[in-house]
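Common to both upcoming complexes is chain A, partnered first by chain B, then by chain C.
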Partner chain A sequence: MRAAWLICLKDLRARLRDRSAVLIGVVVPLGLAFIFNSIFSGISGASVINLGVVNADHGAVSQQFTSHVLPAVGRSGVIAIHPEATVTQARALAAKGKLAAVIVIPAGFSARVQAGQPASMQVIGNVDAPISAEVARSITESFAADLNRIRLSVATVAAGTTPLSPAQIQALAARAAAAAVPVAVNDVSAQTKELDQKSFFAAGMAVFFLFFTVQFGVTSLLEERNDGTLARLLAAPISRASILGGKLLTSFLLGVISMTVLAVATTLLFGASWGNPLGVAVLVVAAILAATGIMALIATLAKNAEQAANWQSVVAVILGLVGGTFFPVSQAPGVLSRLTFVAPQAWFLRGLGDLRGGSISAVWIPALAMLIFAVVTGGLAMTRLKRLAEM
Partner chain B sequence: MIAGLLERDAGEVLVAGEPMTTRSVRAKNAIGYVPQDLAIYPDLTGRENLMFFARLYSMPTPAAKRRTDEVLALTGLADRAGDQTEQYSGGMKRRLNIGIGLLHQPKLLILDEPTVGVDPQSRNAILESVEGLSGAGMAVLYTTHYMEEAERLCDRIGIIDHGKLIAEGTRADLVGMVGEGDQVRLSAIGDLEKAAGALAARSWVRQAKALDGSIDLVVENASSELPAILTDVAAVGVIVRSVEVAEPDLEAVFLHLTGRALRD
Partner chain C sequence: MKVLWIALANLRRMFRVRTNIFFVFVFPMVLILILGATFGGSASPRLGVVTTGSGPLGAALLRQLEQTPHLRVAAVSDPAALLTQVERGNMAAGVVIPPGYDGAVRAGHTVTLRYLARPDQSSQRLGETVRGAVARQAALLGAARFAVVQHAAPSFSVGLARATKISPVVPAVSVTQATAGTALFSRTLGQFDEGAWTELLLFLSSSP
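Right, the complex of A and B next:
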C-alpha cells in the first residue's frame, strides 16, 4: 500500500505540474458550465412575456384582478405586466410586438359579476407569440374559474333561504373566496425532481469531464510502459498489485479533486445547488469508480497510450451525450430515453435530481447502478491490467 | 530474468543468495537496475526522481535525502537538481538514469547498454564511473554491443547470440577458445611465394599465405617472433616495406563463434 501511495503521489505531482489534469478536470468544465449557463440564461431572459392589461371597468372585481392576481403573477419574473389606457393603444403595441398579449376587462364587468349576470374578459393575442397568448388566456380562465366557484357557493346558499341582501351576498362571497380549494393537484415531482439550470450544467459538465480526468491514472501505465519506466518499477522490490493500485488510486483521487473543486466552485460562483453534501459525496464516489472502471477497461484494449486516449475520448463523449450531460435526454421519446441509462452519467444526474426531490435515501439506486458499472468494467479491466504490468 | 522483470523459463537465478523471480522482494533489493532506455520521469526534477525511487526501495526519508544528495554529487547533477529532467541534456539524463540504479547501494548493478546514443565525453565519464564502482567492490553486470567496452571493463565476459549464452569466461579464456594466434601482414616485394614457403616451415607459424604485394601470417606470438620472420624473408631476397600486427580481440571471437558481424 505504501508503494501504491508513492506511485500515486508521484503521478499526481506530475499531472498537476503539466497542468493537463487541471485544465481537463477543472478549468474546461468550469468554463463550459459558465458558458452554457450564460447562453441559456440569456434565452430564458429574452422569453419574459410582456402582458398588457386594459381595465375599462375599475370595479371591485376587476380591481381584485389587477391589484392582486396580476402582481402575484408578475413576481414570478416570467411575466411583465404593462397597464394600458385603451384597447386601441394596447392592440397597436401588440401589433408591433411590444406586447405578447393583452387582457381586456370591459366596462361594467364587476357589476355584471356581482349581479350574477354573464360577464366576460377578452384576450387579444399576438399571432407571432401564440404561447404567450395561451399563457394570458390561462391566467384569465383561472381567474374566471375562481369567480365562478365563488358565485356557485353564494348561489347554493341563496337557493335554500329567503332572498339575500347585498351585504349578505358580499359576506358570503368573501367567505367563499377565503375557503380552501377542495381538490388541488400538487405537482411535487415535476417541481423538485429536476435540477435547476445552473445545477444541471454544473453537474453535467463535471461528470462529463470526470471521464476524461480519470484517464490520466490508468493510461499512465501505458505511458510508463512506453517510456521504459515500467521496467524500473517492475525491477523495484514492490508488488505488481501496488503498481496497479497506485495507478487506480491516481484516477480516483484526480476524480475526487476535480469533482470537489467543481462542486464548490459552481456553488460559490454560479449559485448551483448540488444538494445534500453526504448524498452528493455518495454519488460522486460511485461516479468516479464507474468512470475509472470504464476508462481502465478501454485502456487495456489499446496498444499504446495515444490509442487509449483516443478511444477513451470517443467513449467519454458518446456516454456523455447519451447520458444527458449537455441536454436532458431522459425526456426524449422512445428508445433514446431508455438508452440513456446505459451511461453512468445519466444515473449520476438522476441521483442528484432525486436527492433534490427527496431524502438522502434517494441516491442509493443511482449509486448502486453506477457501482454495478464499476464492478463489471473494473473487474474485466483488472484481469487485463495485470498483463499490462508485465514486460 | 536476472532483474526479475520476466519469469525464468528454466534454471534458477540467485542474487546475493536469494532466488530471483518476478515477485522476489529481497533479491530485487540487492539489485540496481539501469535500463537501456532513459527510465526517468520528465515532469519531475532530478531530485524528485531520485527521492521517488529511494522511497520505493523503502529508504527512510532522512536516508533517502542523504543518498539523493550523494548521488546528485556523484553524477554531477547537484547544481541542476531542481530542474525538471525534460530540460536536461542527453548526457545528464543518462547519468541520472544510472544514478537511480545506484541509490540504494545495491550489491549488483545491472547496466543495460548505458552508452547507447551517448556523446564521447559522457561515454567516457560513464565508463570511468563503472570502473570506479567495480573498483569499490560493487558487482556490475554490463551488457553492450561495443566489444572495446567489454574488454575495458569486464573481468568475465559472456557472449549471447540469439538469446543463448554461447561463451563465457575471462578475455584470455575467450580468445583461447577461438585458438587463433596473432595476425601479421608484411607488405613486401620480391619472391613472396618463396618467402611464404620458408616461413611455413617454422613450427610457430600456423598459417602463411602469399598475396598480391603482401604475405599474411598467423603466428603464436608476433612480438617475440617478429625478428625471426624478418630474418627469414630477407634470406630469400624479399624486401619488407611495412609490417602490421593484429592481436585477436573479442570481435574476432564473436565472428569466430557466430560466423556473423556484430548487429543490434
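Right, the complex of A and C next:
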C-alpha cells in the first residue's frame, strides 16, 4: 500500500511539474466554459415579448381587450404592452425589431362585433421573431374565440327555431356571454430538473476534460515500459498490485483535483451552481472512476503510449459529443436521445440535473450507472494489466 | 512539381495514422450531424399531452392541438411520466386532459386542464399558444352546452353536431397575420447548413 502511494506521489509530482496536466485539467475547461457561456448567453434565454397595440376602435369590445385581456397576460410576465398611435408607426417599429409583434384593432371593430357581422383583428409580426408573433396571435385568437363562442351559441340556438327578432338575439347573446366557459387551463409549476446554462457549460466542460485528465495514469505504465523503468519497478520488492494501484491512484487523484478546482472556480468566477455538495461529490467520484476505467481499458489495448493517447482522445471526444457535454441532446429526436446514455458523461449531467430539481436521492441511479461502467471497464483493464506487468 | 510530391508524401504519412483521419474527417462530420439534429430545422417546442380516459372530446382537443402551427405534440401515457419529461427539459411543457373530461363537459361542468410548465419564459409563452387552441375548442363546446340549456337542442351531441356544422358559416371574428421587416437568414437554409459552414471554418483553421 505504501509503495502504491509512493508511486502515485512520484507520478503526480511529475505531471504537475510538466504543465500539461494543469492545462488540460483546469485551464482549458475553464476557458472553454467561459467562452461557450459568453457566446450562448444571449441566444437561448427568452425575454419579455414587446407587444405593440394599436386600438383604432375604442369601442366597448376593443376596450375589453386592451383593458382586461392584455393586461392579464402582461401580469404573467410574458408580454410588455406598448400602446401605439398609428398602424404605420407600429409597423415601422415591428420592421426594425423594436416590437416583436403588433396587434391592430381596426376602427369599427366593436360595432361590427355587436352587429353580428364578420370582423377581424390583425397581428403584424417581425419576420425574425416567429415565436413571439405566434404568441401574439394566440392571445388574439383566444379573445376572438371567446367572441365567437357567444356568436356560435346564439347561432346554434337560432338555427333550431324560427327566425328571431334582434331584441331576442341581443338577449340570447347576453345570456351566452354570461355562461361559464366549459374548459379552463390551470398552470401547474413543474420543477426544473435541468442545469441552467452556466452550470451546464461548467459541468459539461469539466466532465469532458476529465476523460483527458485521467489518461495520464495508465498511459504512464506504457511509457515506463518503453523507457525501461517498468522492469526496474518489477524487480523491486513490491507487489504487482502496488504498481497497478499506484498508477490508477494517480489517475483518480488527478481527476479529483481537476474536478474540485473546476467546481469551485466555476462557482466563484462564473456563478455556476453545481448543487448540493454531497450529491455533487458522489457524482464526481463515480464519474472519475468510470473515466479511469474506460481510459485504462483503452490504454491496455494499445502497443505504446502514443497510440494509447490517440485512441483515448478519440474515444473521449466521441463519448463527450454523444453524451451531450457540448450541447444538450435531450431534445434531439429519437435515437440520439437514447444513444446518449452509452456515455458516462450523460449520466453525470443527468445526475446533476436531477439533483437540481430534487433531493439528494436523485444521484443514486446515475452514480450506480457510472460505477457499473467503472467496474466493467476497470475489471477488464486489470486483467489485461496483470499480463502487461508480467512481460 | 517537387512541391507537389512532397505534399503528397506528407499527406500519405498523415493518413497512415488512423486517428488523424478521425480528427480531420469523422469528427467534424459527427459534430455537424449532432449540431444539426439537435438545433437545426424547426425550432418548434414539444408539447406532451395526456389524454387517457378523456373520451372522444379529449381526442378532439388533442387533434386541435396537433393542428396548431409551430407546435410538436407528443401523446404521453401518464401524468407522472409527463411531469418528469417536462422537468428534465425533454418536453417544453405538458397538458393533462383529465379522465372523465368527455362526461364532465357534456354534463355542463367547467373542466380544468392542467398545464405543466417550468417557471421560465418559454414555457409561459407556450401557455398562451395552448390557451388559444383550447379556446377554439371551448367555442364549439360552449355553443353546444348553451343550446341544451336554452332547450334548442335535445342533447349535447346534437348541439355539438349542429354547432360544428354551422361554425364555418357563422360570420366570425378572425385574426389575420402579416410580417414586417427583412429576414436575417434566407428561408432556403437547410437544417444542417449553419452548422456545416461554421464547422468548416473551425476545422480549416485547426487542421494540422
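Throughout what follows, the second predicted complex is superposed on the first by the 263 of 391 C-alpha atoms of A that agree within 3 Å, B and C clash if a C-alpha of one lies under 4 Å from a C-alpha of the other, contacts with A are read in each partner's own complex, and residues count from 1 in each chain.
Convention: contacts are C-beta pairs under 8 Å (C-beta built on N, C-alpha and C of every residue); 3 or more make two chains touch, one makes a residue touch a chain.
The structure displayed is predicted, hence computed values, not measured ones.
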Partner chain in contact with A:72 - chain B first, chain C second, else both or neither: neither
Touched partner set for A:167, first chain B, second chain C, both or neither: neither
Touched partner set for A:268, first chain B, second chain C, both or neither: neither
Broader residue contact with chain A after superposition on the shared chain, chain B or chain C: C
Contacts of A:228 with chain B and chain C, given as first, second, both or neither: first
Which superposed partner A:6 touches (first chain B, second chain C, both, neither): first
First, second, both or neither for A:134, with chain B first and chain C second: second
First, second, both or neither for A:153, with chain B first and chain C second: second
Interfacial residue positions of chain C with respect to chain A in the complex: 17, 19, 22-23, 27, 30-31, 34-35, 37-39, 43, 46, 61, 69-70, 83-84, 86-90, 94-95, 105, 110-122, 124-125, 127-147, 149-150, 152-153, 159, 162-163, 166-167, 170-184
Residue ranges of chain A in contact with chain C within the complex: 45-49, 73, 76-78, 91-92, 94-97, 102, 113, 116-128, 130-135, 137-142, 144-149, 151-153, 155-161, 172, 175-176, 179-194, 310-311, 313-314, 317-318, 321-322, 327-333, 336-337, 350, 353-354, 357
Contacting residues of chain B [partner chain A, same complex]: 3-6, 22-26, 28-29, 31, 33, 35-41, 43-44, 48, 52-53, 55-58, 84, 100
Complex interface listing, chain A residues touching chain B: 3, 6-7, 10, 13-14, 17-18, 227-229, 231-240, 390-391
